[in-house]
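Below is a structure I'd like to ask you about.
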Amino acid sequence: MIHAEPTEMTRLAQGQGFLSLRGLTRRYDHFTAVDDLNLDVAKGELVAFLGPSGCGKTTSLRMIAGLVPASSGHIVVDGRDLTGVAPYKRDMGLVFQSYALFPHMDIARNVAFGLEMRKVPKAEAAQRVKEAIAMVRLTGREHHRPAQLSGGQQQRVALARALVVRPSILLLDEPLSNLDAKLRDEMRTEIRDIQKRLGITAIFVTHDQMEALTICDKVVVMNHGRLEQVGTPHEIYEHPKTAFVAGFVGRINRLPGRASGGVAQVAGITVSAPGFDGPVDVMVRPHRMILSTGPVPADAGLHQLSGTVTRATFAGDILEYEVEAAGTLLKTEASTRGGEALLAPGTPVTLSWRPQDTFVYPAS
Amino acid sequence: MTSLALSHTEPRRLGPLGTASALLLPIAVVNAIGFLWPVVNLLKMSFREAQASGALGAGYNLDTWTNALTDSFTLELITNSVGVSLLITVLTLIASYPIALYLHRSTGTWRTVLMVLVVAPLLTSAVVRTYGWIAILSDRGLVANALMALGMAEPPRLMFNLTGVVIGLTEILMPYMILALLSGFGRLDPRLEEAALTLGASPLKTFWRVVLPLTAPGMALGGLLCFVLAISSFVTPKLLGGGRVFLLATEIYDQAIVTLNWPLAAALSMIVLVVFGISLTLYARALRRIA
Amino acid sequence: MDERPVSPALKIAAGLMFLFLLAPLLVVLPISFSGDDFMAFPPSSWSVKWYGAIFANSVMMNAFWISLALAFVVTVLSLGIGLPAAYALVRLKPPGAEALANLFSAPLLLPTIVLGLALLLVFAPMGLIGSFQGLVAAHLIVTLPYAVRVLSTALANLPLTVEEAAGMLGARPLTVFFRVTLPMMRSGLVSTTALCFLVSFDEVVLSLFMTGPRLQTLPVAMYNHVDQQADPMAAAISVLLVVLTLAVVLVVDRTAGLTRTFVK
Amino acid sequence: MNAAYKFGTLCLLAAGLMAGPAAAETNLTVMAYSGLFQERYTKAVIEPFMKAHPDIKVTFFPLPSSAAMLGNLRAQKAAPQADVVIMDVSVSKAGTDEGLFTKIDETNIPNVKDLYPNARIPSVAGVGVTFDNLVLLYNAEQVKEAPKSWMEMAKAPYKGKVVIPGVPDIQGLGLVLILNKANGGTDYLANVDKGLAAVAEIAPNVQTWEPKPEVYAPIITGQAALGVGYNARAQVNSEQSGGKIKATIPQEGTIFQINTINLVAGAPAADAAKTFVNYALSPEAQKSFTETMFYAPTNSKAEITGAALDRTAVKNLDKVMSVDWIALAQVRDKIAEQWRRRVLPASR
């Protein structure tokens, strides 16, 4: 139970974002789905909530939508505290993974529903419905039933339906998960374009890191109900704050080591590890490791490891290798741009990478 | 509710629990007046004092129960009813199994047509169907006339006896059994049979070892359903029995409406409920063994 | 599903059993056109006089109208009481919802002969025997469990997200219910209506306990008629009832799907 | 017809049923025997009555036996549905004891003053409306000579060819009483063991204890050869079937059966009921019914043609054993129970 003071109200209203989440928490009987989530989203920004299933991203979204009551914390939109407000009064648009179109209404009526609820005059509503349907390129399908449309078309209807009411915030709950790979790419671009064009603030929940990186302005990585890192896609990928983020966003090789005095010893080499002491995990992305059969110049400033190829796979664009080095199996890959042949297992190789591609985390 | 929210939410009149209670109130009233109270009252009635003229005494005693349970007539009635109901259940199962299996394997429009043929009798009044059986089984009915046309001088008596009741009830309960079997056939993937056949089992062996065990839960459910319906059925034994077939249900009706011994009728009803409870327990046990 | 061969033995067995199952319904058709004054098969002459006899028989006609009105009232009440109950049980899930659901379907488990007697014993002192109210109450006891069960299943099978979507678009809970939930339950509602109507219209055991000289339902009038004189008029009524039933079954099949309604 | 209109009609109909019948005319419900009795009684008494009283509409509610009528009345005791009941005197006695009936006498039904003394039974609320006696029925083609004994029914050629309306029907009960006396039973109020034993001998031959529509039909069609029935209806059936069914009173004698007419206490149409009962007891109604149905009249003023009277129970008075139906009412249920135990199993 929260006893709000006017002062707290003021403080909340002064949050930096258009959408501010303050200490948002959802507890169930035996576990906490979302734990003390704090986030600011600027107007017109597209933010992705990324994480494995059960990380709390969908629960967070549903708390923002008002479909799940928050156990504690606040949701503030444009200075207005929406905590405890019924979903139908929040003026948000939500696009579901399952589309959730009204099966008994045609497309036009589906799209018009929100306007009807807002008692928009008939003529204006008709015009806006027409525009919204045109926006998602479904003109001519107005009188089809949802069941007569493909999955992609249905999702576009859902998008039009959510957007036609000009919601303050657009919420997208894994909107592309039910689509096949090719359609997913198309829709992703389309959603991004429309969102940019309308300048609408949007939250996009996904478990697909590629989707998150490519579509949004900002990524929120969540795990076990807690926020792991917030940042631009570039920050998240290049500077993962935690081992979890490093492992979840992109592939990773992990080498156990030990740190003391600002450096870590791992597999016979020394990497910079300021501020660490004790066991650490050193991580390097596979494609940042360069595989060479000959010697590597020692003065190139690269970290180096010698090993043996244990498995080699031809994958078209690239060659995938598994290399045993210092008792650890490491993944790496080589380009086929020069028509290189696949190395046979057992070939002795050297792996080298730039020091700035090395991430160090406390051992898990 | 947080007081923060007050500027945007109107005060709720009812909490979710209050709303639920309000929505459930009508059915609770109907259930209490039309079910709970009458059943409790029925139990009470079985202990009321019965007088010779059929009127009710004011007091309560165990006479009805002691008389009923020590009376060979009542005991025979119970064993008879259970025996006849078991017989009907087995016959219904035998008659329904081929239909259910065939239905399970048919598809499309044909399946819909067959389903209509199964469901339509279910939804047709038992009186209508019993009347149909009178037309078939009576002395001037279809079977008797056909047999006489074939030269049989004295066709067997098929009505006004147990035979007629068993035939009629078996048919009347078949749709229940078929639907119960079908719901249990969900587990019967035809690929399993194909697998068994490719593994070298003969069709008969496949049926015995694969099909039958997989359909056992459906058979148990159908068996329970038909047994309970058979032991409580009354219209068909009354119309086809010619006053010579005595089952618990017909006896309850006679005691309640004709002989006017309400305490005895109530006690017999309780006995039906006990039989019902026992069969339910056996069913649960059988199901656990199968599963 | 692809075609799978069905063995001839199964075909023959199923065919024979179907014949047995349908025999009583098939046999009433020729008898209803009997020209005889008593029931015999085959009839010695043909006529449609028994159909005329139904309409001339004021007892049967009265009983028919009473059954129709009764089934109508019972169906409306079953929906009116069953729908809120199903909604509460499925959507609001109050504590003990499962126990309540079991309690509400318990009357279905009670043999009708026992239920009939139980109702007789409490309704008789209240003067409800032979009254329309008494019949409505008795029928409700058996139709309500069907209604609650079918409607609960229909509700539980609805995707919740569609209702959430309506809420997100600004529809209030009551609007969501009437504009989205109810239309999506259409097939469940059709099934419930058909089931309640037919169960009430055909109910005979409870009605036998509840009816009186001034108020008889059609099945009771038919039962008495068959019990006292099994003449071909009963066959003519039977044919009309079978036609009515088939019509309802077809409507249900078209709108709700037969298998979904009656299996399980 | 559009759906809304139909809906409205149904609603109105339902509302009407809830509110009870419209008050334009009085609805009178007469509960009595089904089958031939219903057919003839409607023609001979009810239709002339309705013609004379156009404001009263009589509905005949048929039931196969007096016992069923009593059950019906008892269930409706709190809110009676029937107004007038015609039933056997012993059952009427039970109903009287339970307060189901209003006492009939000269004060409320004037025609009671003309009734024969034996139609007025002090301990019964109703009064006698018909007299009849039990007969042995036989199919004239299958049984060439009138059987001399009731026990003819136990003989081998009639296996499966005997129809008897079983107890609690009075016909079955009467048979027990007759055979009880014939086999040396003295006090039927104490026990009817000998009678039950004799009927148990007949039981294996019995085709049905619930003949439909009545006991006469199967004998006329030849489905059954012998049966137990009432003289009055046997006479009508014999006439109608051109003599296919015949009735006789065997050497053991027969019993008298009295049907009483009763006013239901608290009946919805109590006044119309009195009018009807008075009419039913009037000389013209009694005459009409006797001449179409051959029940002996209970009104001494009824002037019956000799031919008709000869076919009624009156002619058989010498063969009748006396039965105290009132005293019997107390043991009726006991006999019924014994019947179920001792006679029915023998017929299975």
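Per-chain numbering from 1; labels A, B, C and D assigned in written order.
As a convention for this text, a contact is a pair of C-beta atoms (placed from the backbone, for glycine too) under 8 Å apart; a residue touches a chain by one contact, two chains touch by 3 or more.
Chains and their UniProt names: C = ABC transporter permease.
Just so it is clear, the structure is predicted and the values come from calculations on it, not from any experiment.
Asks: Using direct touches as single steps, what is the fewest number of steps from subunit A over to subunit C (ABC transporter permease)?
Replies: Counted as steps through touching chains, the separation is 1.
Asks: So which chain ends up in the middle if you average the CA atoms?
Replies: C
Asks: Pick the pair with more C-beta contacts: C-D or B-D?
Replies: C-D
Asks: Computing the C-alpha centre of each chain, which chain sits at the greatest distance from subunit D?
Replies: With centres defined by C-alpha atoms, farthest from subunit D sits A.
Asks: Which whole number of Å gives the spacing of the CA centres of subunit B and subunit D?
Replies: Centre-to-centre distance between subunit B and subunit D: 36 Å.
Asks: With chain centres taken as the means of their Cα atoms, state the distance from subunit A to subunit D in Å.
Replies: 90
Asks: Hey, how far is the Cα centre of subunit B from the one of subunit C (ABC transporter permease), in Å?
Replies: One centre to the other, that is 16 Å.
Asks: I need the residues of subunit D touching at least two other chains; which ones are they?
Replies: 72, 74-75, 221, in rising order.
Asks: Quick check on subunit B: which residues sit in contact with 2+ other chains?
Replies: Counting only residues that touch two or more other chains, subunit B contributes 140, 256-257.
Asks: Two or more other chains in contact with one residue: find those residues in subunit A.
Replies: Within subunit A, the residues that touch at least two other chains are 86, 89.
Asks: What residues on subunit C (ABC transporter permease) touch subunit B, complex-wise?
Replies: Spelled out, the residues of subunit C (ABC transporter permease) in touch with subunit B are 1, 3-4, 6-7, 10-11, 13-14, 16-18, 20-28, 31, 38-42, 80-82, 84-85, 87-89, 92-95, 100, 103-104, 106-107, 109-115, 117-122, 137-138, 140-141, 144, 148, 198, 202, 204-205, 208-209, 219, 222-223, 226-227, 230, 234-235, 237-238, 241-242, 245-246, 248-250, 253, 258-259, 262-264.
Asks: What residues of subunit B sit close enough to touch subunit C (ABC transporter permease) in their complex?
Replies: 16-17, 19-21, 23-24, 26-27, 30-31, 33-35, 37-39, 41-42, 45, 95-96, 98-99, 101-103, 105-107, 112, 114-136, 138, 140-142, 145, 168, 171, 174-175, 179, 182-183, 190, 203, 228-229, 231-235, 238-239, 249, 252-253, 256-257, 262, 265-266, 269, 272-273, 276
Asks: Show me the residue ranges of subunit C (ABC transporter permease) that touch subunit D in the complex, using the header's touch definition.
Replies: 38, 65-66, 68-70, 72-73, 120, 124-133, 209, 212-215, 224, 227-231
Asks: Considering only the defined contacts, which subunit B positions touch subunit D in the complex?
Replies: It comes out as residues 52-55, 72-73, 139-140, 157, 160-162, 242-244, 246, 256-261.
Asks: With touch defined as at the start, can you tell me which subunit A residues reach subunit C (ABC transporter permease) in the complex?
Replies: Touching subunit C (ABC transporter permease) from subunit A are residues 65, 67, 86-94, 96, 98, 100-104, 113-114, 117-118, 158, 161-162, 165.
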